[in-house]
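Let me begin by handing over the structure; questions about it come next.
Labels run A, B, C and D following the written order; every chain starts at residue 1.
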Amino acid sequence: MTAASIALNLTPATQYLLRIGDTCLILGQRLGEWCGHAPILEEDIAMANIALDFIGQARALLAHAGTLEGAGHDEDQLAFLRNERDYFNLTLVELPRGDFAASVLRNTMVATWLKLLWQRLAADSQDDEVRAIAAKALKEARYHQQHSADWVVRLGDGTAESRRRMEEALSDLWRFSAEMFDTDAVDEAAAAQGIGPRWSELEAPWRAEMTDILREATLEVPADSAFRSDGKRGRHSEHMGFILADMQYLQRAYPGGVW
Amino acid sequence: MTAASIALNLTPATQYLLRIGDTCLILGQRLGEWCGHAPILEEDIAMANIALDFIGQARALLAHAGTLEGAGHDEDQLAFLRNERDYFNLTLVELPRGDFAASVLRNTMVATWLKLLWQRLAADSQDDEVRAIAAKALKEARYHQQHSADWVVRLGDGTAESRRRMEEALSDLWRFSAEMFDTDAVDEAAAAQGIGPRWSELEAPWRAEMTDILREATLEVPADSAFRSDGKRGRHSEHMGFILADMQYLQRAYPGGVW
Amino acid sequence: MRLQERFDARIDAGDFIEAKDWMPEHYRKTLLRQISQHAHSEIVGMLPEGNWITRAPTLKRKAILLAKVQDEGGHGLYLYAAAETLGSSRDQMLDALHTGKAKYSSIFNYPTLTWADIGTIGWLVDGAAIMNQVPICRCSYAPYARAMIRICREESFHQRQGYGSLLTMMQHGTPEQKAMVQDAVDRWWWPSIMMFGPPDDQSPNSAQSMRWGIKRVSNDELRQKFVDAAVEQAKVLGVTLPDPELKWNDERQAHDFGAIDWSEFWRVIGGDGPCNRERLGARVKAWEDGAWVREAALAHAGKHQTMKEAA
Amino acid sequence: MRLQERFDARIDAGDFIEAKDWMPEHYRKTLLRQISQHAHSEIVGMLPEGNWITRAPTLKRKAILLAKVQDEGGHGLYLYAAAETLGSSRDQMLDALHTGKAKYSSIFNYPTLTWADIGTIGWLVDGAAIMNQVPICRCSYAPYARAMIRICREESFHQRQGYGSLLTMMQHGTPEQKAMVQDAVDRWWWPSIMMFGPPDDQSPNSAQSMRWGIKRVSNDELRQKFVDAAVEQAKVLGVTLPDPELKWNDERQAHDFGAIDWSEFWRVIGGDGPCNRERLGARVKAWEDGAWVREAALAHAGKHQTMKEAA
């Protein structure tokens, strides 16, 4: 493995899988930052546990995307040696971890979305490996959603301070959800090939589940905004470069290393 | 230029110069973080200006150290392609920038030390290039000391809040000053070769000037502690790796690049 | 009415207005809005560029970038000072920025995603700014015109440096670096040509500003001049401008170009651009986090003053 | 006096003491101090390792590291629970940690400077911890002994993983990686053998703890055992232990080793180690920053309870 970046030989199928795998990878990366800094020990453990699940999901998806790509790239080359524009995660997961309110809200938004996506992939994907990955990940996503949503409810319907912070988190993060559902050629091709659903099909059930959670938390669903993020097409926020600088550091600085 | 780290061929003279040059480099790096985030526009400008001076000093010293090393390393290879253990800056300058109190106190501590060091180097170094670098840098250090010390005085003798923050900064940072003055074989060899003074010789005048500044700021000189940092011998704090991950990113990720 | 007539006559004669001179309230307000908006743009503009200071690829480039953001801070200072001559304090202007009442140039709501963005901002964004600003050096309000003369000189220096850094990468760099430059140009081109503002027929305030000698050249005229210059510069660089309709029109002796997506322009101006929240949030945070510093400086100055008076 | 005699007899007979059993106040306090200190060490110990989660070099290593810190958090939980059986709440114990009244293992006041530190902590620090902890699995206080059995099982797994990661680098890595491993071993060796505490003749509390079956093997005996094992492991790895006096003593059938710098040990215990402030500061900050979360959880539970009661 050399330090120079790898060039991807993208097809809609690989890009579709990298969008999911990179979302897991980068959220796992962000959640790892909580280690030793959570409000209670149980949450240090839970955050590490959820991060671990995400890294596991990312490994499976990146390895499979590498196989489909057919250029001989393994999970680590894909995880550590791409240029920023070749990562396709949702922008939402690259935002700084923020406070605990922002973290649990983001986890809830992503876990709810992933749960719906894994359900569809586990049931309908024509790709055996994708079905297998999704079946395992679905169980994890259910737990992630439950755990995070419980916190959204507690904090939304807790103290005035916790409610203020949840409202702020909603105002900051909700606008990034549009990216989860807008559709494009990658989506269409993946649907046509039977890899997985168009993401737009997940919007209605996602909104329904999130609305229920927010209602229980006595929080209002924010209004839609004209803001659009575009990480899944490789146009990231300014935060992404700093994530990669840390994440890729050892692979870049020790070319040819074996770990 | 390739992405792999360079191996240094160190002599006491080059290490002595890298200790100074790296201190300028890393403090310049930290001060650059203030850009756009200072309490008043004049300080955004001043911080960028001081950072710029430090980068200029670092360039001159690294280039000269590279010449003395004789392995063909230019300023950028030395700045961007060493392993962490081959950077020899004072630990003090790699600490996070902290609040404005911590930043102006650190700037005062370092500028006072550098001013005394540049004075000695400008007057006594047997190395013509070092004398020339020092003569130019001395003027800059005088301004840095004046500007930063003025803030230490204003904040120490300002409001209760600013005083509390200055006291906290002193408690956090003062203990790193011991590293500025302890002596070792590098120091002895540099003194014997006429490159520059043993740093222990700077301690008494540094304490005298700092004591005056703190007195004017109505602050107490902290008691000595048994804490010892060791960045100048290449043993850094946990902060250093993150500085280098950002600083080196482009050189590592684009091997062979021309900028 | 006398004052108004005399003022109009001076404007018509091409005279400069000084701070102490009488001026119509609307002229004063228009200028104050424009100058403070320009000052805000300088300090908000430090953020996207500052984003790359810690990651600049060589020490020379790091030094150039630090010098550039320092200059931008300086421009902010002159402009706030010029605006203050119109009767508003810097704190009042900053308050208007922080509460969203005042605008800044919408271009700074786009992110700097790669190092090539820094060079591209120098080339295209500073280039567009200079096109906009050179005519202001002849603005009827003298303090603003004087500030702009100094600013334009520094801006052209920045523009050349930015362009030079791209040229180095395109001429001597690796294929990956060249791709990085092209990508940056692809992202910044359209936002840059939006910097001249809406088309003339949708720019309602322009006529009055022209009349008053605050504005000297129309939006579309400046935009055309910029596009014509950029096309040549892009050729030298070896990059493609992301507009398939861009081509020389022999009849007009100018380049035709594709339709601008004004809905994006209004979306970003309206607050929903990629970084609006981050930019304003960073400025507000800096201001709030620095409150104790400003208070301490005042308190210290107060004590010092008291001691002097007592002595 | 009856109770005391019966307690002593049970200890002598090798019986386990349960939480509900009578115990001397000094026994309870000694155990509480030791168990809570051990719990604090687990959670403070997450910090130096957590420092490398975002920079782990492969996804597999990142996953292993996340699993490891998660386990450490779990150990903290069991140990706080064991300590709670002795009559102190977790919040009280955390308060003692945050105010500096309670200690944690001094080894965590050293920084993790390279990736190889993570493997080295697994090999040497977890290795030393296991040496210390295995005898505690037979501790006279049953809840502590039970927690330790589970913990020791996981710790040996971590120790093997850490050693394995070093072995991979030493056997298959580049020269730079091998140098990184050697450097980490050079820095961690002496602090690791200090983990067994002061020499027996300067360890005043040891006798009482031995008498009570809280401590089963002396500091120096454990240290010797650790050194003897590490020498063989270092050979297999291909690293040098940074002690020129380290050599086999045929007479003692054990390794002689150089003098430990106890002044450093006491300096670090005393608060002036490389990271004491950072570690405690990080824990206090996490606790203070999280206060609103804990308060909200309580408030929510209170409302919920009220609703249930009303229903």
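Throughout what follows, contacts are C-beta pairs under 8 Å (C-beta built on N, C-alpha and C of every residue); 3 or more make two chains touch, one makes a residue touch a chain.
In this text the structure is predicted, and so the values were computed from the model without any measurement.
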{"item": "Labels of chains that are neighbours to subunit A and to subunit D", "value": "B"}
{"item": "Chain pair with the higher count of C-beta pairs in contact (B-C, A-C)", "value": "B-C"}
{"item": "Gap in Å, rounded to a whole number, between the CA centres of subunit D and subunit C", "value": "57"}
{"item": "Computed distance of Cα centres, subunit D from subunit B, in Å", "value": "36"}
{"item": "Interface hub residues of subunit D, defined as touching at least two other chains", "value": "55, 176"}
{"item": "Multi-partner residues of subunit B (each touching 2 or more other chains)", "value": "4-5, 83, 241, 245-246, 249, 254"}
{"item": "Graph class of chain-chain contacts, one of line, ring, star, complete, other", "value": "other"}
{"item": "Touch relationships between chains, expressed as pairs", "value": "A-B, A-C, A-D, B-C, B-D"}
{"item": "Touching residues on subunit A, where the partner in the complex is subunit C", "value": "4-5, 83-85, 172, 175, 225-229, 235-238, 240-241, 245"}
{"item": "List of subunit C residues in touch with subunit A within their complex", "value": "48, 51, 55, 111-114, 176, 183, 187, 267, 270, 272-275, 277-278"}
{"item": "Residues on subunit A engaged by subunit B in the complex (per definition of touch)", "value": "2-5, 83, 241-242, 244-246, 248-249, 252-255"}
{"item": "Of all residues in subunit A, those that touch subunit D in their complex", "value": "25, 28-29, 32-33, 35-45, 48-49, 51-52, 55-56, 58-59, 62, 75-76, 79-80, 99-100, 153-155, 157-159, 161-162, 165, 243, 246-247, 249-251, 254, 256-259"}
{"item": "Subunit C - residues contacting subunit B, complex", "value": "43, 46-47, 49-50, 53-63, 66-67, 69-70, 73-74, 76-77, 80, 90, 115, 165, 168-169, 172-174, 176-177, 282-283, 285-287, 289-297, 299-301, 303"}
